[in-house]
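Two complexes, one shared chain (chain A), two partners (chain B, chain C).
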Partner chain A sequence: MGVTVLQPYPLPEGKSGAHIIDHLGKRLLSLGATHAGQFLVDCETFISTPQHGTPTRAVHVLHDSEFPASTFSIIDNGTGKQVALVADAIFDLLMLKMTSTFTSKKQTKIESRGARFEYGDFVIKLGSVTMMEHFKGILIEIEYRPCITLSYCWEMIREMLQGFLGINVAKEYPTYFTTQTIMNAMGQQQLHAKQNDLYEPMDTVKQYLEHFTNYRKHVQLHGGLGSSGLSVNGPVLMPSTVVGVGMGRS
Partner chain B sequence: MSNSVNISVETTCENQIREIAYDGTELYQPPPTLSESLAKCAARIDFSKTSLDDLKKEEKSAAAAEDKEDKDNQFQESLWPWDAVRNKLKDAYTEICVLSDVISIAKDKRYLVLDPLLEDGDDTKAIVQVYSRKKALSQAAQVLLGGAERLRTAHSEQRSRNVSDFHIELLRLRQNWRLKKVSNGAIIGDLSYRTAGSKFGMSGTFEVTKAEDTLDEEGGAGTSATASAASSASSSNNGMQLKASSALRVIVPAELQGVAYIKVITQKDQEDLCTAQVNLMGHGPNITAQVGVWQKTLEFAQNVLFCKELFAQLAREAIQLQAPIPHVVIGNQIRATLLPNIQLIISLCHSTSFDSSQPAPINDHDHVLEHSLHQLLREVHYKNSHHPFPHPASAPLGPSKKRMLAGPTAADREALLDMTKTQTILEQIIAQAQHIFMRKRTQYVLDTLARDVKDPQIVSHWNAMNSPTMSCVKINIVTHGYDAIGRTSLVIHVKERSLKCICRDGRVMRLSYEPQELRDLILCQINSHQISCLVSLARCMAWTVLSNSNHLGIGKVEPLGNASSCLLASPNSDRMIAVQIRCDPQIDVKVYIARSPRQDFFPSPLVPEKFWENLGGNFKEVRFDKIEGKSFLNKMEFLMASLTSNTA
Partner chain C sequence: MDKLNLTLTAVKNLRSNVRQCFEHLADGTDGEGVEESRNKFVHDFQDRFGAINSQLREVEQLINGLQVPPTAYHLGNTTFLAQETSQDRQALYPQLVNSYKWIDKVHDHSFLAFNNLNQNTLRRSYNYCSQKRQRLPFSSFNNDPDHIDKLLSEINHPPHTSYNVFRPFGSNAVAIVTISNVLKAAIVFKGVLIEWVTIKGYDETLEHDDLWAESRYEVFRKVQEHAHSAMLHFFSPTLPDLAVKSYVTWLNSHIKLFLEPCKRCNKYIANGLPPTWRDLRTLEPFHEECRNS
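And now, the complex of A and B:
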């Protein structure tokens, strides 16, 4: 269990997602990585039945094939506060019983799926993000296994990413790790640097949720704008059965 | 007249109320007349009382009697009030008459005589008392003596009989073993490990019966393992003070009779290296002497059962496991290969005859392997009988606690995979035996090297705490007297079939089980140690290090890598020392000196100028073994000191 960083890969024009993933995979294999199975991270959202006065709450239930025995769930209570939970896999059955309070929004079920490569102390996953069979983008996950604090190994991860992706990775920490102001035990505001914390599997899942939310927002944003909002639209081959822009709407 | 007052005294003159009429008028009882009051007073007189005490008593009884009289008066109100007085007087008169008659008759002495009463003699004769007491005491003593006699005879009879009661023996048996009574009156016991979690098929039931009445102490050894036979044989064997026989007899099944033990031998090319014995007989003879010969019989039988179960488990695993060199099971022996040419032989030795000569204890008795086998089987028993409780109670019963917590703690794939891996007993004991062997081998290599190489000293520190499959040793290479100059250290992890060396600079090397590899590694480390210490020493002596190299790449190809070298210049730069160290397989040191300006420069037509003499002369070899000094560094120090010139 090490430090994991997610990096969305911007798709260049004219290329399909599958082609890019294939290309990156070949690059990794030629570098000396070994293909080690497939991975899958999926997220399902449940919305609470709207009641007068209280904002609607959302429960995101995520699974990660890297932690096959666990189910992660994050409650968003509408005002920005999030509560996270790691539970046994049987948690999904519990959510089935909660249909009276929470309804599942099947349309926003989003997942990232792809190949998993092991390269020395690194584990690199090339994932294509799809939502209801619509391709949304490419999300690269890189994990450096020996370390458990991001601030110690961020430079190395950045170098590794830049090396095989060929894109420029920003020097600053990813947005999930930005310094936040929190109230400490004395009741004072304090700047809390998240990159110095011990890394937990929950952080990986929260990063995935953040990116999935971005992808969903992109849809709404671009769906509102109309045509060709998504970079993968147009006369290109798609990995899934999407046809046109209209289907991008959720 | 003015100071006197008239006072009138009157009675209250209140009479009892007899009746109150409905209109409120009260009818008073008329006060008693004088004659009535006199009659009342006279009735009170009791002529039979004379003293004051009697009068008091009479008052009390009169109070009681008056209640009665009030009741009577209701019936007899018409009686004359003086009647009671007359009756009392009459009684008194009658008594006086009787008294006077008696006295007159007694005075006549014809019909009635008055004699004075004899007073009691208050001192009977003392001797009578003594006699009576003596008799009473002797009777009591008789009773007590009779009881004591009876107890003594019973006690001596018990002791002299020399055979305990069947029931007392049975009680002792029950304290140590599980017994139960079956329907036809026989007593059956169980000596197997079923209740401890064993799933072995062989039954361990034994039967308990009463021994025959004609107790046969010297009796011929029967073929069945009766307690008496065992006692006669073993008492001659061990010389213990056993009871020759006991009141009960245990009959164990035929396959559990005798003595068994598991023998573990590590063999290298038909040569015994180390041996282990597994035996459950940890009890001393004291216990058996106390509780009877059946204890020993039962303990042996239980041992046989345990060894059979252990061997059956190992044999089953040996057949099922797929090893690179397959395990061989022949009869009562299992052969497994630890390393090439090294074999592990586990055999079950079961002797059914009670021969007095126990096999002599083998010298390399490996307690560790013996204990390990015992522990491993007990662990299997324990896992069979103890299941971790699931939390919550509705969760499935079966996964270990670690697996149940894997979900909420987000365990990753490798951790989950590790949880599924289990090792059989045979695999575990093979791993342990391999590790013991590797450890012995590593110790041997390090010790011989430390003995052979005197110049830098090789110090090895073994960790006191280690696991059955891994040990660690830290090796320090120092030169005596120059510890502060430099020290080379490395850590070696000894595992089951390989070694892992971690050097101080972070290099990790994995070695196989061949001892030569470790030897070569240490020699190389010595090599680099010498050069690095020389570099530090030169700095101390103010000599300049011109260059040094760990792998020169000169000379013929060696199996152990190349020479390492060092080039030093004196503070004045007028002398140079070149050192070359090879490990060939011995450490071979060559030292060369050059001086500048060269002595043998003569200007020639090609090189006319004089200043070319400063280029430095040829290197000449030094007979390094002839230099004074205890070690390489010492010699180098002297050499550098001698070559340092005073002139600026």
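And now, the complex of A and C:
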């Protein structure tokens, strides 16, 4: 378990996602990486049924094939405060029992899947993000397993990313690591830079949630702008702009 | 199964009876030729013969009562007994030739290795020079524990490094060095002489009962290789304390293992690894490939 960074890859106009992923995979192989199976990260969101006096809360339930025995869940009460929980895989069945309080938003089920590569101690995953079978963009996960503190190995990871993606990656730490809020001893929220903390699997999952939320938000925007309320399923080429939004953040 | 057992017992009884009968016949009479004993002998034989007959019938009945087994019995290794024994049909010969070749090779190589090792004395603990030059033998390998404790406490280590000394092998010490959040190293001492170094990642376990397992990460396996060569480099039988001190200083330079680019190529990654080599004098980081070019 080492530091993991997510990097959205901007989709050039006129190219399909599968083509780009194929291309990147070939680059990695010629670099000397070995193909090591597939991966899948999925996210399902449950919304609490509104009751008087309590704001609606969302529970995001995520699975990561790198941690096959665990289910990750994050409760989000909408004010930026998040409660994270790691449970056994059987947690899914528990959620099914709680349909009276939490209802699943099926149409926002989003996942990233694709090939997994190993290069030295790096693990690189080329994921294509799909929501309701519609392609949304390319999300690249890179993990450096021996190191557990981002500030130690960020330059290495950055060099590796720039090397095989051929794009410029900003020198600053990814936003996830710089904009975390934690509760201090007085119960107040304060900004806390995470780059010197020990990395945990939950950090990977939270990063995925952050990126998935971005992809979803964009869809909602498009839904509002489009003439029909259900224009979620746009043409395949549209996501290029989606990734643009993601890029701007990191 | 019970029936089969009964049958087997019956066959056994039959065999032993037949054997007894033949033994009886072979013993014969006592040779006196007395009519009485001869009669007794014949009578005995008839009795035994009758017993054999009845047992034979019994065995036949039991055998008829047996059912053909639905599946083959699992007989374990004994099944091999009845297998093909013709030599041509077992590919033994090529295997035999191969193993002969291997033994020949092993013999050759071990002979060469023996000669080589005899020429280059790799034993560090027991000093040869001392015998030749009529000096006192060096005490680097049988120091008292207090000295090691003192030595390790004297090493002025930076705040991010912690030492944990314990003695699982009697008087010889093992020091577990944790360098920041980067790596853990176990240094096995023999006296003040460093015998072995194991390098592992910060998130791996390095316990006193598991000092010899390699790290699961390629980078730390490489660092361990370099740590061993550095261990030989810093070895000095005349100043064992200084050797340990300079070695630990060298080891501490790994705190920036992932942080510093290679001094020669200014890159972080080569062949999927960060600069794993630290120069022995300047402590500057290099890739393994860049260090001699």
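Definition applied: the second predicted complex is superposed on the first by the 214 of 250 C-alpha atoms of A that agree within 3 Å, B and C clash if a C-alpha of one lies under 4 Å from a C-alpha of the other, contacts with A are read in each partner's own complex, and residues count from 1 in each chain.
In this text, a residue touches a chain if its C-beta (ideal position, glycine included) is under 8 Å from a C-beta of that chain, and two chains touch if they have at least 3 such contacts.
Everything numeric here is computed off the predicted structure, so don't read it as measured data.
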item	value
Fit-or-clash call for chain B and chain C when the two complexes are aligned on chain A	clash
Touching partner for A:Gln195 - first (chain B), second (chain C), both, neither	neither
Contacts of A:Met1 with chain B and chain C, given as first, second, both or neither	both
Which of chain B and chain C A:Pro68 touches, first, second, both or neither	first
Which superposed partner A:Gly120 touches (first chain B, second chain C, both, neither)	second
Which superposed partner A:Cys153 touches (first chain B, second chain C, both, neither)	second
Comparison of chain B and chain C by chain A residues contacted	C
Touching partner for A:Ser104 - first (chain B), second (chain C), both, neither	neither
Partner chain(s) touched by A:Gly32 [first = chain B, second = chain C, both, neither]	second
Overlapping segment of chain C (options 150-158, 222-230 or 258-266) - the one that collides with chain B in the superposed model	222-230
Overlap of the chain B and chain C footprints on chain A, listed as residue numbers	1
Chain A contact footprint on chain B (complex, rising order)	403-404, 406-413, 416
Contacting residues of chain A [partner chain C, same complex]	1-2, 32-33, 119-122, 144-149, 152-153, 155-156, 159-160, 163, 198
Residues of chain C that touch chain A when the two form their complex	181-182, 201-203, 217-220, 257-259, 261, 267-269, 271-274
For the chain A and chain B complex, residues of the former touching the latter	1, 65-72, 86-90, 200-202
